[in-house]
């Protein structure tokens, strides 16, 4: 098994874990974490699967860089919304 | 040797991800998530993707971690305010 | 093209990005003028592009000059140009409306967000690359979430947060699909994928398509994923609700359609009965909830849930060159204009009465007759009465269903129309009641009333200009 | 290259994980925060060793180690200054 | 690093401070760029910005840095931190850990400011001590073994720092 | 194996041994302060030795110095973070193992000291 | 959510993971070989590092939109940030942190410059450099040297959108070359460097803003008042 394939499989597991988490968990912060896990899983699949032959592929690597930045942006916005609710006393974590 | 490294790292990734969702305490969850991010940086290094490893190290260790911990403080203040 | 610099296609993306960021830069006061000017130019560009595409056929713009699969392609065919036209046509009157609706302070947040939202829509309708579609999708979601939350009221922030979490989960599923597709085929270009996927796709492609479809449906708010929509659309400021209901949910529908017509054509048949059934359920449930709610904007928001159902009825009837596709696009177009008009009108009614319930509407007919007329006209489109665009859409749908002998859908279409009539008349009846002595009304800027009316009128009149619309859609679909 | 780099990287990873168990178990919040310190030292060490066991990306991974060394402190500092005061109460029972 | 005594933090910086810091960051840039010659364009800008930031964040005071003191301190530091590591390792591996941990407080004589911060940082890395808090002129530390002569060690580090910064000890 | 390589290998092995010591200390030491000792001293020394060992193998002096540069960075960071942890632990009233009286030589000012329930003791 | 529903979700996730894993194992090699295409066109892309070439040239359009995504997140956060919240008292920071900041921040600036330079021929580039700059700002804030953002001034707004506007202007200007973002090979390197430099600054500010806007909350009585603060 090449490292690429191994990490792709790990990514699949992370994605499934995150997906179940987003649906099942109730705390907002926890769901934000779960969504990030989903994203990380997808990133690992993107790069790992493309590099399963052992050849470095810059295209998915660039895509993942884009994806990471998008994930940070979304996380920050979600946290801002959750905190606004918490400040108004409507939400707990 | 490298397969053992990869397998161990993969297990560690899954373990920290699982703990960050399943642990009852939010602080622990966030710390485990930061650990997860840093392990991801190692995984990217193993995948010959140093660009992503760099970004993950900078964003995972620096920014997301700080954001989450800061948010934790904000939520905690509220929770703390509710109980003596 | 002789002069690529004047090619309208890339400018439809650059312009809104430019005025959105400039509106942020200049800050208070001047964003609105920039936006209206930019949108006027964009509408003109979209019209030019439509004429060009009708004359010369579908067109590809290779960003960076590389071409797929190394680079990213922009594609303008009949379907995408129709959606572009709808976007600019809805956005321009709404921009005029918003300038009157928002305070100066609110406008400083509204214009940049709205600009990025429109840029995301244009970029999405032109994109021919799975990963690029993901980026535009995220751009769209974050802009929409920001707009929903911008009032800062707890209920709105809560709705925005729910919307964001649904949206992020959906994007995650879509991204996973993209990752699998790239792994399997080594490309994310729609044109490049179509021949590779072929007639009998392997398991990985089916799973990828399933994940992407599920994500897109959640973002479109098709039943049973509609749970986030009423709160997000119903509670937002009226111009925001209008943009979201008229355009944003259509974007993900467009993507489903684009993928079903393109690379995943072989899989579309398998998913079609399910999509049709969900669509039918959405029509009935959404209409029922619209009929039973007591808040004006909630009524309009639930009506969106119902009207989205019609869009998905086209999938079981989809066949190349058939009436169903034209019906779907006509429905998207007519509903976009009508729903924008309806939310705009609802905003006026609420401003005028100072209340957000149906009961509060009593007597409003005498105060803002133009707006009420606009509401009624938009209602005509939703009900599907001739000569409106809605009528044409439903007629084409029934025609396609009859042709293929699928009678069930005809019943759903007609039933949905009757329910729409019921909830629209509920509003109108209330508005013509005598005002109670306690009621007092506020003045509403003329610009708001007339822009709502313009949108409503357009939703009816496109039914009369159907020939051109059908000709545009006749332009061969790419890739 | 001495041939020791890859095995030692594995060894350090095992060390890191063993130490993380302590950081995850607690019992005090401070023990958890040790995770941040651990990555400052052990994580950087793993990266440096990996850099030398993979010729193709050697120096870029040194850069990564450098960035990690610069930034690993931020999480720890944020923890101490922002998160802990509230978290302490919840964790104390654990 | 570039710790200075800032007994009179004036905020102004002379050419001397600028050149010293500039030279330091230029050397660091050379190391970062691995000596490549084509890097000096961006390098010059980065060095200037880093120098400016450094001067703004830690303005150089009138105190001077003794080169010999610095070398001596570095040698002392290296030797002591090796000793610290060995000591902790020895205790960790011993079957019966022979620890007598305690919190102790010792008075310090170094002036407020950079010198003290350097002291706290250094003590954190030296054998047997982790600083816990600094209050007034007293430093609270955790020691692994309170039978060791902690106070004497602190004196010694203080003297080294004072010599390096050319302070009256 | 050249003498330089042998030296490098030796340094790497020694570094790994100190990492092991740090981990053992972290797992065995009785309280948070003692664990900080393990991390700030043993692990930092381990990193220093490994960086030195790898720097010896570098192709050019600048690359070697760059590897060495990582060490002081980690030192500064870990000194600051360990101080932050220790101070916070102290402020929250976490006691060193074996300390019977809750009072360190001078208790922190009013409002800062919080005595933990016994279950919190390590 | 009740127990059967939870079980169903878990079961679904497991089934999905199983199906995906089955599909991924024994996958034949991809039909399109993009790495080869990237390598082939690298010489005309203006940079030597393939990932940077993809990020700013071959798929530069994605990157353009992605900066917009970041800007949007910040806009959304500014929209919901409470106007009355005030920045924490900057003077209450402890000297150890100030020391860390005064050592680390200049080094971070240097490292950001280095990463920007490195991006042209090896891993690095505007993202990583921007992220390091943002981390420097976060550290400064935590050390009490940088106030949280009340509302961005005109200058700050210019810094935030500047990089994006440069990128957009280059993209538009290059339309004259025949296509959006089509760099002439002779000038590609310089244009990419221009874009990256602008992006580094703007990305640093935006990413820092994600933290600094969030950090806007009233200073709690305990926050940041250590023993040192009183000495």
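As written, the chains take the letters A, B, C, D, E, F and G, and residue 1 is the first residue of each chain.
The rule we apply is simple: a contact is a pair of C-beta atoms (placed from the backbone, for glycine too) under 8 Å apart; a residue touches a chain by one contact, two chains touch by 3 or more.
If you're wondering where the values come from, they're calculated on a predicted model, not measured in any experiment.
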Can you list every chain that touches chain B and also touches chain F?
D, G
Please indicate which chain is farthest from chain B, where distance is taken between mean Cα coordinates of the chains.
C
Distance from the mean Cα position of chain G to that of chain C, given in whole angstrom:
30
Approximately how many whole Å separate the CA-defined centres of chain C and chain F?
57
Going by the contact rule already set, what residues in chain A reach two or more other chains?
8-9, 13, 15, 17-19, 23, 43, 45, 49-50, 52, 56, 59, 61-63, 65-66, 69-70, 72-74, 76-77, 79, 81-84, 87
Of all residues in chain F, which are in touch with two or more distinct other chains?
22, 36, 40, 44, 46, 63, 66, 69, 73, 76-78, 80, 82-84, 86-87, 89, 91, 108
Hunt down the residues of chain B that sit against at least two other chains at once, touch-wise.
2, 26, 30, 46, 48, 50-51, 53-55, 58-59, 62-63, 66-67, 70-75, 77, 79
Residue positions on chain A within touch of chain C in the complex are 8, 11, 15, 18-19, 22-23, 28, 31-32, 35, 38-39, 41-43, 45-46, 49-50, 52, 59-60, 63, 66-67, 70, 73-74, 77-78, 81-82, 84-85, 88, 90-91
Quick one: in the complex, what on chain G touches chain C?
16, 19-20, 22-24, 27, 30-34, 37-38, 41, 57-62, 64-66, 68-69, 71-73, 75-76, 78-80, 82, 154, 157-158, 160-161, 164-165, 168, 171-172, 175-183
Hey, which residues of chain F end up touching chain G in the complex?
73, 76-77, 80, 83-84, 87, 91, 108-109, 112
For chain A, which residues are in contact with chain B within the complex?
1, 3-4, 6-7, 9-10, 13-14, 17-18, 21, 25, 27, 29-30, 33-34, 36-37, 40, 43-44, 47-48, 51, 56, 61-62, 64-65, 68-69, 72, 75-76, 79, 82-83, 86-87, 89, 92-93
Please give the residue numbers of chain C that touch chain G in the complex, ascending.
4-5, 7, 10, 13-14, 17-18, 20-22, 24-25, 27, 61-66, 69-72, 74, 109, 112-113, 116, 119-120, 123, 131-132, 135-136, 138-139, 142-143, 145-146, 149-150, 152, 157, 160, 180, 182-187, 192, 196, 202-204, 207
